[in-house]
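Just below sit the structures, each encoded as structure tokens.
One chain, chain A, links the two complexes that follow: it is found with chain B in the first and with chain C in the second.
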Partner chain A sequence: MTEVTAANAPDGTPTRGGASAVTVARVRGRGPARWTWGQLGLLVVLATVVLFTVPNPSLAIGMLIYGLWASGLNLLVGYGGLVSFGHALPFMWGGYAAGLVLLNVTTSVWLALFMAAASMALLSLVVGAVCLRRTEVYFSMLTLAFAQLGFFIALQWDSVTGGDDGLAGIPVPTLWLPGTTLELNSLRDPLTFFLFTAVVVLVTFAALILYTESPMGRVLQAIRENEERARGCGYNTRLVQLVTFVVAGTVAGLAGGLFAMLNNFVGLQPYWLLSGGVLIMVILGGRSSLFGPFLGAVVYLLLETTLSQYYASWQLFVGAIFVVCVLAFPQGLWGLVISARPRRLLSKVRRRR
Partner chain B sequence: MDQLISQLVLGLVSGALLVLLALGLNLIFGLLEFINFSHGALYMVGAYIASYLAVATGTLWLALLVVPVVMAALGAALERTVIRPMYGREQVDALLLTFGLTYILIEGVRMIAGSGGRRVAAPEILAFQVDLGVGRPVPAYLLFVVVVVGLVVGGLWLFLQRTNVGLIVRAGIRDHEMIRALGVRFDRYRTLVFAIGIAVAGIAGVLTGPITGVYPEMGADILILAFVVVVVGGMGSFWGAVVAGLLIGVLVSITTLYASIYAGIVPFVLMILVMTFRPRGLLGAT
Partner chain C sequence: MTDLILRAENLDRSFGGIHAVNDVSLEIPRGTLHAIIGPNGSGKTTLFNLITGHTHPSSGRVEFDGQDITGMAYAKVARKGLAKSYQITTVFPLLTVFENVRIAAQAAAHSYVFWRPADGIKAVTRATEEVLERIGLAADRDVIASNLSHGDQRRLDLAIALATSPRLLLLDEPTAGMSPTETAATVELVRELNRDVTILMIEHKMDVIFDIATTITVLHQGKKLFEGAPAEVKSHPLVQEVYLTGSL
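Now for the complex of A and B:
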């Protein structure tokens, strides 16, 4: 009996009903068990640190946006065991969606972000329906292929996307709030932009935590551990994975929309490289939580800006970091921090006695 | 009509090169059970080594012999050092690891050889045109590429079907635990198969040089196409990869002729169709 309580205790959430399979996963110690709502607090702390320490406002805002993007991807990678190599697709296309709304329809932030998220939800539904016909490496290759398809479409359809030159001249968005109207100009007033982004990111992050803690999120983790068993329990495993794919795509679309507003521009770069970049953030930060990838994104961008100042071939270091991460500490930075918590060490010492 | 014939030949050549990459990926996936993301980057490394050898010796012939050996050694070394710890872990970990390797290889080549591409001259003996009877004359080098690819594919097939080592490899693809239980030193075969896959990718790199030149990113685009070939042909299917590779090569080049803006999209549309109506691939078993 003590074994079971010990497994549930660090999390604090009681496991009920459909979550029994997950309990097994947690006992095995691979599941993202610790720090559920505490992650939100950690994120607030991290955002505050970024706000006060990163001198370049555009980089600070970019950290929040990439962090959200990476956290959303980790729903698939860490929680679902589905490694998507095409997560640049909803990010970039979400940017196009937001940019096109701002250019052609209205400068409303809300509508632009809504369109970015909603259109990428729809796109992810279609893409996911095909990609999830196979899992594991097939899934990775299919998502990669879809991203490549999207890249070619963005390249060729230059009347809409601007092709190689990118979608330029996106107007400064306006934020309508009850009572006031604000201009979200990332150049002239980066603080307002940062705070707005932080609020959107925090709310979305909370929604992601809610999803992982929901019965469906629990089943998702159960599928990662043992798909056949989850299916045997009567769950529609494909549906759960598809919903997760749509959620991750929606979050990426939202992040992409924010990124387009930040730069007033959507550029074109190889999607496989971009998808790989966000995957590196996830692996670097750690797959076992939502906060880990966020931390990974912040550290990655910090490394990238620092290294690229000194070395032309900074990507060599990125690759090396990636290889070392996968080889030596697959639990990632946050996983290292968590497993090095003093209390845990203490409990290990006690157990030895 | 003339244009169609020359486009067909071009498609056949690019398809044949795809086949070489896809076969290596397929073989590695079959026995080592992971997708080698660094396959394209290693193909690029092979092409670069060939381009330097061609300059040093004045001809591509030596490169065609030396590069497969060098690449096989490099492949074996990589397998022994960084890939071996991945066995027994989740499949995606090896995929991620080789993705990191790709970064290192591409950036490493950029550091040594620069970001710009290099031209490679075709062997002088092959610097003539062949009249096929229909259409315009075709550069002999292109036909030479098709012949070499045919020989490599045939050789691989014979190796897998007719030799004892090939027999063990095929058995290992079916059930490697059983093979181990029978006392076969399985890890050696994994090293061997990885080395062979990389050597074949190296040959593809050597052959590509005179056609498109070599540049650091040359592996990325063709790798993604090779993934598509593997999926369309059917994972683990030898002839599936051959058929799908040639099919995609020809389809792309014909689309380039008639509707060039769709040429980049065609392979992916084909793949989506195959995944929708025949998820196991054209010739895939399961």
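Now for the complex of A and C:
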């Protein structure tokens, strides 16, 4: 006997048995068009829209940073099928790393960001090596455990992290460019800060696209689909997952570093809330692309700021919206947008090629 | 001395009280098509698993192309040039047919490349297209694997194995669940593949392999019952009895 594995939509989201007409249409025949490098264009558009419509500059910059963080996490969640509950760990510690460099070593933005990314790559290598010894929910629990561990270390290690008070008074970073020197002061000159962040985010995002399009990234998806078969092709599947864990951690570290510079401060925040928040951004935006989670982050932050103005218990609403999203469109906001495009026209164009 | 690609010596494995593979030895000369037949539960798949490293033998050893691979992990064995297709279809369900095969085709030379897009690696694309052409799935290259018919999924399973460019191809009932027409086409395909790769194949439908196999090994309750050329196997009284009555 042969098992029939048709109970999933092409974007990797499981559908329930007796799928609706819509789902069947999606599953049948050719898969939906894949956005690859086009995602970079989408991101430029999104960043431009954010720049011109979001009145609060700190929120606009935060959207870029959180978006990058969420896109990086989706390497694990969407592409790798590895749900990390502890992605706040490299984000916060990346913030500490950048903050410590700026406070104690140099105000060079490049060095601070490099240290944030490199130290979190190293940390992720260790954490990933342990967590990936298990799969599925056990993997998730291990990532959560490490995040909690990191939280308590940050809390106890006063001399380095400032404990409860956090790292305050992080100096304004300096951007040395050939010919000029810029101060990245998020309060006095938010536009420069926004543009700098946008460039860093775009370049990193492009690297993420390249990773998903590379042979290695393809294997990552193949492992998600069927690890046994990937082994049968000769791949060291753990190695591929570990490299991905390191890449996602590095990106989170970089994002955390940017976030520390934005606020000139790094403080303790409950990890499980932050880790959960970034997961919600991923699921809300959609797991089948890198752009989806970015969009998810922007929408999430928009909801958060809008709702929190009116309701003290805004998280209740975010939670409710999230539940509705998961139940009604598991492919996420971006998945919804893609599948709403006139499919017939698209398939015609493709056939003509 | 014949040039052996695979030598399995006295392989043995039990599961609880079941002696799944009982002291089985195999010698497969390069270039041949060796078939393993036997009733349900006679240990055919387990024997495969002992060879590929899925299951460790409690005793015995496996030598592939002159190298001891006993107890070596499956992925490592695969890298050495031994590929297997599955009795229960095992593909990457939500990837396209092309992607399924490309994953296998890139394994040899570009396995862990992350600094350039897979689409740009011409050699891999060409190798993938060749395999699709050969297996007869070229027209379905953009179809999501789980949308293929059962028979086509079986062929895709085989295509993935083939795309790793193995020196020994292990096929576990490649025609399982296929219609007579599909079965005939697959048998023809296997015969054609055998021109440049050694094949070790499990088959349930005896009649389909009599024409193509060089040697047939008959397993029964984990033991090697008989081994010989197809004509000998066909006329052997013990074999007939096993197949007609299902027991000895």
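Annotations
Following the convention adopted for this analysis, the second predicted complex is superposed on the first by the 309 of 353 C-alpha atoms of A that agree within 3 Å, B and C clash if a C-alpha of one lies under 4 Å from a C-alpha of the other, contacts with A are read in each partner's own complex, and residues count from 1 in each chain.
By definition in this document, contacts are C-beta pairs under 8 Å (C-beta built on N, C-alpha and C of every residue); 3 or more make two chains touch, one makes a residue touch a chain.
All of these numbers come straight from a predicted model, not from anything done at the bench.
When the shared chain is aligned, chain C comes close enough to touch A:217, but chain B does not.
In the superposition on chain A, A:182 makes contact with neither chain B nor chain C. Look at A:228: by the touch rule set out above, it reaches chain C but stays clear of chain B. In the superposition on chain A, A:320 contacts chain B only, with no contact to chain C. No residue of chain A is contacted both by chain B in one complex and by chain C in the other.
If you check the complex, the residues on chain A that touch chain C are 1-6, 8-12, 27-31, 36, 210-211, 213-219, 221-222, 225-226, 228-237, 239-240, 243, 350. Interface residues of chain C, counted against chain A in their complex, comprise 73-76, 78-79, 83-84, 86, 88-96, 99-100, 102-104, 106-108, 110-119, 121, 124, 142-144, 146-147, 150, 153-154, 160-161, 164, 176-177. Contacts from chain B toward chain A in the complex involve residues 29, 34-35, 82, 85-86, 89-93, 95-97, 99-108, 110-111, 217, 220, 224, 227-228, 230-231, 235, 261-262, 264-265, 267-269, 271-272, 275-276, 279.
Across the interface of their complex, chain B is touched by residues 81, 83, 130, 133-134, 136-138, 140-142, 144-146, 148-149, 152-153, 155-156, 270, 272-273, 276, 279-280, 283, 313, 315-316, 318-323, 325-327, 330 of chain A.
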